[in-house]
Each structure stands twice: as structure tokens, then as C-alpha cells.
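In what follows, structures are represented as C-alpha cells.
Look at the two complexes coming up: subunit A is in both, with subunit B in one and subunit C in the other.
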Partner chain A sequence: MMDIFYDAATKIQSKPILDWKAAGKPVVGYTCSYVPSEVFHAVDILPVRIRGIETESMEIADAYFGPYICTFPKCILQLAGKGKFSFLDGTIITPGCDSMRRLDECWRKAGETYPGIVPSFFYYFDVPHKTMPHGMKWFTEEIQNLIAALESQFGKKVTEDQLNRSIHLYNKGRRLLQELESMRSKKEIVITGTDAFAVTMAGTVMPRDLFTTHLESLVESLQKKEVPGNDPRKRILIIGSISDDISLIQLVEQDNEAVVVAENLCFGVRYEGNEIAETGDPISALANGYLGESTCPRMYGKYKERLAALKDIIHRAKVDGVVMQNVRFCDLHGSENGLFERDLEKEGIPCLRVEREYGPLVEIGRLKMRLDAFLERLSN
Partner chain B sequence: MKVAGCDVGSLTSKAVIMENDRIIGSSIVKSKAKPQESADAAMTAALAQAGLRLEDITYCVGTGYGRDRISFVNEAKSEIACHGMGARWLLPSVRTIIDIGGQDCKAIRIDKSGKVEKFITNDKCASGTGRFLEVMARVLNIGVDELGQMTEKADSPITLASMCTVWAQADIIKYINSGYSVEDIGAGINAAMAKRVAGLANAVKPEKDVCMTGGVSKNKGVLTTLEKVMGVKIKRVRKADPQLAGAIGAALFSQEKVNNGGGER
Partner chain C sequence: MRPEIKEYNYDWMLASITDAASKTADGTEKEYKRLLDYIPYFRRTLEPILSEGKPGITFLKLFNEYLQNIVHSHDQGKKLAMTTFCFSPAIFHAIDVVPTTLEVLSTMGSLMWKRGNFDYLDHSVELGLTETACSAQRGALGAYLGGLATEVDFVICDTPGVCDTNANSFAFAASYLDKPYYQLNYPQTLADSRTGKYHLDDYKEMIRFLEAQTGKKLDVNKLGEVLEEIKKQDKLIGDLEDMHQLKPTPLPPVYNLFIYAGRFMFSGLPLFTKLLTEMVETAREKAEKGLSGLRSGHEKIRAFMCYIDHYTLNMKFWDWLDSHGIAHLGGILSRTFADDSCYLEGLQGSSYGIDTSSMDSMIDSIAQMNARLPMVRSIRGQFDKPNMWLDESISLAKTFKVDCVIYNGTPGCRNTWGMVKPFAMELEKRGYPTLIMNADAFDDRVESWEATMERLDEFFKVRGLLS
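Up next, the complex of A and B:
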């Protein structure tokens, strides 16, 4: 049952994507959770979140980005240069953070040296940092412009009915993911954090209809699963910088002394947290859902909201300790993790703050030593 | 009842054998390519000193980077817990431990009972570790032990522009070629190291007493400069070699396990 999720979560060119391409349908990649997938789904384009897994070296990315920058966009550029994203008919870059914004320029520039790596549809989708009325208006217009660009590039018309149907289907997936989250919060551990993360990761790259069907079966089977309620494993919440690599969660769980019961990561369930309103104008509804209710650290003035959301998860999922990781040079999470640590430790919630490199887990020894020490601290 | 602790580090491996809270054998050997070989060498030397065989050891805890790959240990513990435990045995009043080993640097704050409250390790690179000093001593053509004495002999220590091990090396070569004395350069290296470590140590909000463990704690120059930079007195460890702290902690965990009725080899 988990195989299809793991295939999608651990391979860039996974079977569902290849099948989609074989059927002659377009695939568009995007780099940030603010891009409303529904607008692609509405016209039978597969939206695929662009990832950095499978990176083996950094010589192309180093030439364009330099050394002092987060390794996530660098891994993406490296893979692009190596032709790993050759299946994309379009790419959308978003300013999730400044490093990701620079990916737009670096990818275009690299295209001069590595011909064919910039798809004919290469689009910059801007996202405001505030949810004030002018920010919301701006974002709504960005979605409208994106739709117009898609229509012109792919020769398709996005109608209100199609959008409403897509929103309805995506909402069904969101409710199922929320159900999965509430199951993970219970004392009885029916699913490991690694499995759950593989599922949410898969949701960012699989065709939505296929994903929803498999997710529904998984949730049903987990609801019937009987497990003991007194699991001795420590319950961990993982937060911080972008991570699309299940091995980070595996590292926490590998000795069977801890289980990741929740995460607040860009690729985790956070991006699916809010249902989109199914009444009124669908584009405004998408703008409200994707930006208006966002609690991602790139947004200005939302620290208190994010802290409250974390405390809620900690309480709900009966979390024993919080692992805060940030990719080196990550301004957003690097600074915010320090604030979270200060505020959560004050309330007696143990925290471990670690800085790491994104990509193949090159620092397993050091990370593992710190995780072990943290788990020992939780056991005392 | 005899127990042991074995700490396989990146540069050196240490073993300690204890009986009734007393060290009866110990060793520090250069680490080899494989953790098992390092552990064997350290343990054989410690056993020889105590006049014992491996069969005489009731329980053994392993720690360090190779802790999971030692055949004779009964249990593995993290270096953080072991250094915390070991330092408290060396100096019962200690609350903050600065441990500088071969490839990492840790600051650990413990509570009165020895439990780890907070810890931090270096994230960036080799700067601020024993490896940094080793590389610099080699460039100066002196032993790493001699480097520690340079601070008190120096007239006007140099300032290093970069803590990057590679750049600092280039910097030092420039100072040597410009005719600066080995003492002034050595003192500058110790000071750079101390400043780097102070930043890390301050991040755990150190509480008194503070002590240093690990191989670098034997470098007087780093220790005295660190005291100045941090503005705290660093208590000297005299009960045993501070480089053994991790292995002592591991042996103490073994002792605790056996005393609580657990563990037979």
C-alpha cells in the first residue's frame, strides 16, 4: 500500500509522472507551496513540486550561486543542469525566500551553457509578504496572470466550473491529510513519521486523483489498525527549513527510540493545512487559502501566530521534544528557530536546534550524535 | 566488580576501567581507520595497565563516533551524556563543560544531578576543534603540546583574519615568511581558537563552575585566553586526564547500570 507513495517520495522521475508524460499530457514544475495547484489540475496539467533529492555533486550550482547560500535551490539548479527535469513542459519560480528567488536568474543563465534546461514556459510567480488588502489584491492578480499565461502557453481555457471541481477534489485530499494528522496525534502510533512524510511528499508530485484514491485507502486501513496504546517511543515534532528528503525523518526514527508524530515543514502537511472555500469566486478563494491563511515564516508579522500553532501541535500530538533544523544560510528558519527555542524552552518544552546541509545527508554522524543526546535528555 | 568505558574519537580513542568509582586502568591511543580496531587497541592498553582481561569486565559502555561499531560494548551512549557524566566525576561542582575534541567542539550545561540541560556543538567546520590546532602546529613545525605554551611566551600575539582552517594556514605561512616569532604566531592561533569556542560556549548560557575536557583542554594557551574572553574562571581538572572525560563518563554509566542490578556481560 505504501509503495506508490515511497516511489513518488524518493524519485524525481517517479512512475506516476512518467505515466502522465507517456499519455502525452503536460507537466509543470513549481518551487513553492504558494502556487495553487488547482489551476493546473483544472486543465489537465500535472503540477509537480520541484525537488532537490538525487543530487550527487554541486559543480554546476556552485558556478552560478556561489558557496554562501542555502543548498536547496543549488541542488535544484544542479539537477536542472544535469537534465533531471527534462520531463517538465514548464517551470514556475516563486520567491519563497531570497535564495529561491535567485533560482530564477541562475536557472535562466545556466540555460546559456546547458542548452535545453530552460523549458519554453519559464514563469516567475510573485508572492507578497503581507496579507494586507493590497497584498491580497496583488496575489489575486498574480493568480489571474498565471492562469492567462497557462492558457496562452498550453492553448487551454481555465473555466470557473473546472476550478471549482479541482478545488473540491484538492479539499478532499486536504481533509484526508488532516485525518492522518489527527491519527498521528493519538497515543496509539498507527503510522511512523517516515511513512507519513512519504505520503505528504507524494502528494506534491502525484496526479491528485490518483493520490486522493490511494490516500483514502490508506486512511481507511489505518483507522482499522489496532496497536498498543503505551508505546514507549519519544514523540518528536520536526520543524524548520525545507526538507523533501525522508531520510531526515528516518534518522530520527531509525533506532526505534523515537517517532515523529508531527512536522511543520514546507513540504509537510503544513502546505495542505487550510481548506479552500468552495463558494464564491474560486480565484479569490484560492488567494485567501494559499496566502491569506499562510503561517510560513516568509510572511511578515506572523511569528505569534506561528508560535501559537506550534504550541497547539505540541499539545495535541503530546510531543516530548522538538527538533528544529535549519539548512545552512537559511535566514528565515535560522533566526526563527532561535526564537522558537527561547519561547518553547521557557515553557519546559525540550528543543534541539541543529544546522545542517540540505541534500544527501552528508552529516549523518554529527546529526545522529546530537539526536541521540537529545533523546537521552528526553529520557532523563 | 570492574566496569569499562570506551570512547572512540576521530583522532584518539580512550578506554577507562573502573572499580568502586576509582580508575584502575586507562589509555589514550591514536585512532585507526576502523572503530573496532581503535577500540581494541585502547581497551587492550587499559586492560594491560589494570592487569585484567576483557572477561573480567562486567559491563562496558561505548561512546564517540564509532560507538555503534564496537563488538565488546554492552550499550552505546552519546558523547554529550558521557562528557557530562565524566566531567562531574572529575569536578563535582561543574555545571558547564566545554569539550574540544579532534573534530568537534561541544558546550554542555548540566544540572546539579548531572543531567544534561542544554548542549550545542560546532556546526560550521573544523575551526574550533583539535584538528585546527594540529594543522597549525604542523605548519609551525612544533608539537601540538608545545603550541599550548606559546601564549605565555609571546610578546605580541598575531591576529588571524580568518578561522577557516585552510585560510588561517595560508595566513600563518605569511607570518612565518615575514619573520614573526613562533611564540607570537602560536599565541595568535590559541587566541583565535579560544574566541571561536567562546562564541559557542556562551550560546548555552554557561553557569559556574565551568571546566574544560577533551584533548584541547591540555593546551594552557587556549584555556587562559578562553577565560579572558569569556570572563569566567575555568576550573582546572586534576583528578585525572581531562581527555579521558568521555571514557570516564561511559565507565560511570556502566557502574550505574551494574549497581542498579542491570547488565551482565
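Up next, the complex of A and C:
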């Protein structure tokens, strides 16, 4: 049952994407959780969140990005230069953070040296950093402009009915993911963190109908699963910088001393956390859901809300310790982890704050040593 | 942090130094010379500034007044706002709030002490900020986070959408210190009406925040006075820019620092107008005689800093340019982008005008001006889009007839390091030799000045710019 999720979670050119392309249908990649997938689904375009896994070297990325940049967008550029995203008919860049938004120029300029790596539809989606009325108005207009651009590029008309149907389907997936999260919170551990993360990762690249069907089956089977309630493993929450690689979760769980019972990562359920309203204007509903409810540090100034959300997860999932990771040069998560560490440790919640590299430079040995020491602390 | 560093507040120590420094020119030549023996390190900052004559003296007094205002803000019953150099302090002056600009204070520490800001840079990290955060904020922030500076009342920044690491430092400070926080946010475009409306809506919200924090209504007369003063200042800066086009330029390299530091501290206040007036008079005298602003009097080459200058340690960077016959044609920080500036050709929509005919027009004017402050203007969007960094740099390079372009910043600048390589490639394609410096403008430990000097030397020699 998990094979289809793992295939999608661990391969850039996974089977569902290749099958979709074989059917002659377009695929559009996007780089940030603020892009509403429903607008693509509504007109039979597969939205795929662009990832950095499978990177083996950095020579292309290093030619365009400077040295003091997060390795995640660098990995994406490297893969683009190597033709790994040749299945994309379009790409959408957003200002999730400075490093990610500069993927726009670096990708386009690399296209002058590596012909064919820039899809004909290369679009910049400008997400504001605030939810005040003028911010929401701007974002709503951005969604409208994106729809108009898609219609023009792909010759399809996005109707209100189609959007409503897509929102309905995506919401069904969201509820199922929330159910999965709810099961992970219980004392009885019915699914490992690695498996759960593979599922949510798969949800960012699989056709939504297919994903929802398989997710429904998984949730049903997990509901029937019987496991002992006195699991001795330490219950871990992972938070911080972008992570689309299940190996980080595997590293925590590999010695069977800990299990990841929740994450707050932008590739995890944080992205799927908010249901979109199914009444009223669908574009406004998407704007409210994707921006209005955002709990991402790139929004700035919402630390107290995020701390409260984190505490809620910690109590709900009965967390023993929090692993706070940030990719080097990710100041947004790195600094916020400093605040979280101060405030959570004050309340007796053990925290491990660790900086790491993403991709081929990742230092497994060092990370494992830090994790082992942290688990030892929890055991004592 | 070393205990002895905690003995006195950071801002108080800076203020004490500038208080003494600003009086040095009031004594006799003999007294001044004797004093220099007692400040073996700081003299390398003091001497180059005072050697500029009246503008140098006024610049020191301006620096001092800025710091005294900060240190005594609460004694005078005024609120103290932590803010950024990308934000015009004019609105604070209009509503009687004292600004403390982190980058200005970090620069002062770099320029004044042999130890620079090192202890404060590290202290920020000890308290939770990432070591990769921009040193421009991180230096002075170490003092504020550690309770080693006058307590701020609230925090305002305008860099979300422009510079993450900058915005993040202010958001972090507000959370860490538990202070009210407002952020202006800029879209990735500049010149269209939709963007202009966003600037205005956001700025109006900020004024409401300021009024709530101070308990005062924005005074229409005071705002008018400040904006009228800015008009005069923009005109004077425009005069200086006009003279910058001359070959040789009559402006000394350090004038660039005077312009932007003055603007970041005293935009809209008469003391800055006085400084600019003296600068214009001094430069005009040289221009009329066809003299270079360089000490040697011989301009060999014209360099344009497409980003920021190098502040660590003391005034070595400006001194190096001057001693090599390199004219400094300004950078991203020194341009106002006021209407009628001499470098606006091809940059339609990039400039602002000031209209003081009504409260609405004044608020619109100040909002649009703020949206054209350094960084906020040119690196908010993709560097190669209309009116952005590349267009702006090419226009400035052409206007000021530069021979080469130099990028200097900090490793914390995720935004420019994310695209400076393709940006430099584009400048090279257009015939401008471009150097990307790897130094940290505020932290000599990243690359020593000696190493930086070698790289500068190598660039000018290898590219055939200086023999």
C-alpha cells in the first residue's frame, strides 16, 4: 500500500507524473506552499511541487547562485540544469524567501547556457507578507492574474464550478491528512514518521484524485490496525526549514529509539492544514486559505501565534522532545528556532537546535551524533 | 560577551566618543594635534573626516546629535523606534519620535573601534539570532538584545519582500524584546499604479500604528515642514550628483558616506541641509577650478559601488580609493531617486516627487519616497526586470561615466548573493569590468582588510584599470 507513496516521495520523475505526461496532459511545477494547487487541478493540469532530491553535484548551481545561499534552491537549479525537470510545461516561482525567489533569475540565466531547461511558461507569483486588507486584495489579484496566465498559456478556461469541485476534492484530502495526524497523536503508534512524511510528500506531486483514493485506503487500514499502547520510543516533533527528503525523518527513527509523531515543516501537513471554504467566491476562499491562515515565518511578526500552534502540537501529540533544524543560511527558521528554544526549554520541553546542509552536502554523521545525544538526554 | 564590554551601554559609548570628536575642531590646531596622540586608532577615522573642512566638522556634529538624541530620548519624553536604513526617518521627525537605525549604529561601531562590532555581533548569536544573519543589523542588535542600549519602545521595518535577513532581524528583535512591531511590505514591482496604491495603503496603516504608539496625531504642519526641508535636501543632493558627472569629479570619495549617512539620520531636518549646503559649496569651488576631489588631485579611474561601501575597520576603504586615484561615484545608498535626478533616463516610474498641497498629497509623497529608498527600490524584484538593479546600475554607470563596477555587501545578504553572479555577467557583457568582493562590510573577521586590499589591487591591475 505504501509503495505508490514512496515512489512519489523519493523520485523526481515518479510513475504518476510520467503516466500523466504519457496521457498528453500538462504539468506545472511550483516552488512554495502559497501557490493554490486547485487552480491547476480545475483545468486538468498536474501541479507538482518542485523538489531538490536526487542532486549529486552543484557545479551548475554554483555558477549562478552565490556561496551564501541555502542549498535547497541550489539543488533545484542543479537538477533543472541537468534536465531532471524536462517534464515541466510550466514553472511558478514565488518569494517564499530571498534564496527561493532568486531561483527565477538564476534558472532563466542558466537557460542561456543550457538550452531547453526553462519551460515556455515561466511565471512569477508575488505573495505579500501580510494579511491586512490590502495584502489580501493583492494576493487575490495575484491568483486572478495566475488564472488568466494559465488560461492564455494552456488554452483552457477556469470556471467557478471547476474551482469549487477542485476545492472540494482537495479538502477531502486535507481531512484525511488531518485524520492521519490525529492517529499519529495517539499513544498507539500505527504509522512511523517516515511513512507519514512519505505520504504527505507524495501529496505534493501526485494527481490529487489518485492521491486521495490511496490515502483513503491507507487511513481505513490504519484505523483497523491494532498495536500495543505502551510504545517505549521517544516521541519527537520535527520543525524548521524546508525538508522534502524522508531521510531526515529516517535518521531520527533508524535505531528504533524514537518515532516522529508530528512535523511542522512546509512540505508536511502545515501546508495541508487549512481547509478552504466551500461557499462564496472560490478565489477569495483560496486567498484566505493559502495566505490568510498562513503560519510561516516568512510572514514575520507572528511569532506568538506560531509558538502557540507549536505548543498545541506538542501537547496534542504528547511530544517528548523537539528537533529544530534549519538549512544553513535559512535565517527565518534558524532565528525563530532560537526563540522557540528559549521559550520551550523554559517550560521544560527539551529541544535540539541544529543547523544542517540540504542535499549532496548533507552531513549524516554529524547529525546522527547530535540526534543520539539528544535522545540520550530524553532518556535520562 | 566579555564582562568589561557590558560595563557601559553601546549607544552611550558611541555618543561619548562623538561628543568629544565633534568638539575637536572647536579648539586650536595645537590642541587638536595633541589630542590625536591619545586616540591612536580612532584618529584614522577622525582625521579623514576633519580633513574635509566645514562639511567634515558638520558631519561629526550631526553624528553626535543623532546619538545624543537616542541616549536622551526618554529623558526628553520621546519614544525611541528601532528601524532600518531602508526606511526614511522623516516620518519619525514629523511625529516627534527618535529613530535608532541599527545599520547606522553598526557602522559607527565599525568605524570607531579597533575591535569593531565583534563582541556585539557574537552576542546576537549567543541570544538566538543566526550567525548567518546580516552583520549590518546583527552588530548593533547584539547591544539591544543584551539590554546594553537605551530601551526601544517599538520596532518598524520595511524590508519584507525586499530583504529577508533584514526583516527577520527586526521581527526577531520585536519578539525577543516583546515590543510592538510594524512592517511595511513591498511587492516585487515598482512603477505601476497597482503597486503605488499598495505603497500608500500600507504606509497609511503604518501611520495609524505610529499614532497608536505615540498617542499623537500626525501633525499636518510638522509633516509639511519636514517635506519642504527634504525638497531642499533633494535639490542639494541633485547639485552634488550633477557635479559628479564632471571629469574629474570634484567630490571626494567620503562625500558618498556623508550623503547617505546624513539622509538616514536627519532626512527632513535642517542640520542635514546645512551639511549638504557646505558640501555643495566646497565641491563647487573645486569644480570651477577643474579640480578633482581626490587628495592627490589626480583622478585615474572612476569606480561605481553598485551596492554598499566597506566600513570595517575605520576609514581604510575610502582612504585606499583616494590614495590610488580612484574616484568613488556613489552606490545604491546615496541616490535619492527624486524627480529631476540626472540619472533617471530609461527609469520611468522609479522616482518620486513631493507635493505639500494637502495632507493626502503629503502622505502619498512620503509613502512613494519611502518606496524608493535603497534596496527597497532596486532589489525588490528580479534584477533584470524594468527599473530594477540592472537597469538602475546601467543608468548610473552611464550617467557618471564609470570605468568599473564593484559589488561589496555582507554574506548575510541572501538577496544579492542570490543573483549577483548573473547580475555581474550582464554588466560585463555591457563592457563594465565588475568585481564581486567577498568581504563583510561590517565584520573584518570574514575577510581581513589586508586580503580585501589584495583583491582590490588584483582587480584593478588584472583588468588593466590601473597600472
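The rule is short, and it goes like this: the second predicted complex is superposed on the first by the 378 of 380 C-alpha atoms of A that agree within 3 Å, B and C clash if a C-alpha of one lies under 4 Å from a C-alpha of the other, contacts with A are read in each partner's own complex, and residues count from 1 in each chain.
Note that in this section a contact is a pair of C-beta atoms (placed from the backbone, for glycine too) under 8 Å apart; a residue touches a chain by one contact, two chains touch by 3 or more.
Computed from a prediction, not measured in an experiment: that's the story for all the values here.
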Subunit B versus subunit C as contact partner of A:N380, first or second or both or neither: first
First, second, both or neither for A:R328, with subunit B first and subunit C second: both
Which of subunit B and subunit C A:R370 touches, first, second, both or neither: first
Subunit B versus subunit C as contact partner of A:C106, first or second or both or neither: second
Partner with the higher number of touched subunit A residues, subunit C or subunit B: C
Partner chain in contact with A:R298 - subunit B first, subunit C second, else both or neither: second
Doubly contacted residues of subunit A, that is, touched by subunit B and again by subunit C: 328, 355
Interface residues, subunit B side, partner subunit A - complex: 65, 77-81, 104, 115-117, 119-121, 123-124
Complex interface listing, subunit A residues touching subunit C: 63-70, 73, 95, 97-99, 101-102, 104-106, 109, 124, 126, 128-130, 132-135, 138, 141, 297-298, 300-301, 303-304, 326, 328-332, 334-339, 341-342, 355
Subunit A residues touching subunit B - in the complex, by the definition given at the top: 328, 353-356, 365-366, 369-370, 372-373, 376-377, 380
Residue numbers on subunit C that touch subunit A, as the complex places them: 127-130, 132-133, 160-161, 163-165, 167-172, 174-176, 181-183, 185, 187-189, 194, 197-198, 201-202, 205, 382-384, 411-423, 425, 436, 438
